[in-house]
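Labels run A, B, C and D following the written order; every chain starts at residue 1.
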Amino acid sequence: MPYEFKITRRVEFADTDMAGIMHYSNLFRFMETAEHAFFRSLGLSIVTTQTDPPVGWPRVHAACDFKKPLRFEDEVEIHLLVAAKKSKALTYLFIFRKLNAPEPIEVARGKLTVVCVTRDGRGKMKAAAIPARVASQIKVAPVKLLT
Amino acid sequence: MPYEFKITRRVEFADTDMAGIMHYSNLFRFMETAEHAFFRSLGLSIVTTQTDPPVGWPRVHAACDFKKPLRFEDEVEIHLLVAAKKSKALTYLFIFRKLNAPEPIEVARGKLTVVCVTRDGRGKMKAAAIPARVASQIKVAPVKLLT
Amino acid sequence: MPYEFKITRRVEFADTDMAGIMHYSNLFRFMETAEHAFFRSLGLSIVTTQTDPPVGWPRVHAACDFKKPLRFEDEVEIHLLVAAKKSKALTYLFIFRKLNAPEPIEVARGKLTVVCVTRDGRGKMKAAAIPARVASQIKVAPVKLLT
Amino acid sequence: MPYEFKITRRVEFADTDMAGIMHYSNLFRFMETAEHAFFRSLGLSIVTTQTDPPVGWPRVHAACDFKKPLRFEDEVEIHLLVAAKKSKALTYLFIFRKLNAPEPIEVARGKLTVVCVTRDGRGKMKAAAIPARVASQIKVAPVKLLT
């Protein structure tokens, strides 16, 4: 029952801005990339018809501390850790490390809280219990990894 | 019955890349911005429940010639002209002009062909006649404006 | 000496994702849009040659609470408030309100801390005092507006 | 001396729009991803200090025909082929194939013409001969592959 996942991405030209560094909004996209790959690694999809009813995962809170800039062609490890698991919500910690360096360097640290929702007939979202199929596969990371 | 529309946008920081200019993919976003504002100017929405059945407008062809770079905070006029109107498709010409200059300067010229589609029960898209409510409001621009 | 600024933007098609709502990363882009328009309203630019030496404003912290979804063509007021002003850093609060509703509805609330930097000859960034020309024009908003 | 390159990418959630498919502007980002990986495969970088003077590659023409939609988590092969090589410009053809299908399906076909430029002291771009180090490594694909 995993509590972490790692994926590597390369900073693309279109991710940069005129300051010559990756635009900060793109780190939030990278967080989601890791979250969705984590689900796939469990045999799940974040966009699922595998549960009845289907559920979605809107974000209710996102945060990021930016420590060092990321530049074009940098290789970034996005290390996802499950920081909290409630009946209807999950919180992830993300540690970004630049790999193309003598030693991997932590460049940013993010957090994302997502809520499990179902939709009524008119598409309106309502918080719902995380389906057992998902919840049974995810556990919270040891505290020492989260600090 | 209009055949053109103009809208002005400012290049944002997140639109730029490390070359210090607007990333070329964003001009395709700006084309769409003008297309959708054109529809709103006609009392329509590109995402419509105003027609029965509802229709969508996937892009089948897009092109752009980039003549001069656009930079942060540049004011850009996006001039949409209806270049062709078929029973199931529309083609738009877009002329981009930088306004913060002694004289407006043409910086790019784009083209977009969109097809009117409906969706079957499983979401599969199928080309369909442009609804009268839309078609009756749009005409092709005079040739001299299109060259 | 202003402590707030408001700007309105419309959610574009390209801002949405397959969940039918604005992708959460785009609210961070909207925050920056308001920040940069705030600077312009003061006769400044975030990308400046108006100060000697020129300064940049990398983000060191960003956060957002998402309360209600934003959808295509929603009109969003981005209300920037200066939440903190230090010698080398500024913190902004952003209140997002959906205007196309019977009453404006608060849909999200964000925070951004930016640090003033100069660059050495090799482009490396170093925290620097906010130039007087900028600092003298900005003050912190009254506490009651920040809570 | 290569004339082609292939790279695979997965469609991400943030790449989709409310129509449930990848936003068309993102195919232009994917083209660039393939172009830059092609350069890396040759031991080069599109952002180079390897040539004297350094050169840049602004886009002067881009086009794409969209045949079938791409959806979240689709695996896309981006097949780059060098379609033309002039003294100061390169043209690439891109064939997009969806791999998660019984047989790979061509979903789109794009074209990109880029010009080699140097910058003068004030940053103004000027077309320049492709450096030998780059030109010597790239050749035009056989005609039969380009049609």
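Convention: a residue touches a chain if its C-beta (ideal position, glycine included) is under 8 Å from a C-beta of that chain, and two chains touch if they have at least 3 such contacts.
Small disclaimer: the values here were computed from a predicted structure and weren't measured.
Common neighbours of subunit A and subunit B, listed by label, are C, D. Of all chains, the one whose mean C-alpha position sits at the greatest distance from that of subunit B is A.
Of the pairs listed in B-C, B-D or C-D, the one whose interface repeats that of A-B, with over half of its contact pairs matching by residue number, is C-D.
Subunit A and subunit D have Cα centroids separated by 29 Å. The centroid of the Cα atoms in subunit A and the matching centroid in subunit C are 24 Å apart. Separation between the centroids of subunit C and subunit D, computed from CA atoms only, is 34 Å. Across the assembly, subunit D contributes residues 13-14, 18-21, 25, 29, 32, 47, 72 that each touch 2 or more other chains. For subunit D in complex with subunit A, the touching residues are 12-14, 29, 32-33, 36, 40, 45-47, 72-73. Subunit D contributes residues 13-14, 16-21, 23, 25, 71-72 to its touches with subunit C in the complex.
Those residues of subunit A whose C-beta lies close enough to touch subunit C in the complex are 18-21, 24-26, 28-29, 32, 47, 56, 58-67, 69, 123, 125.
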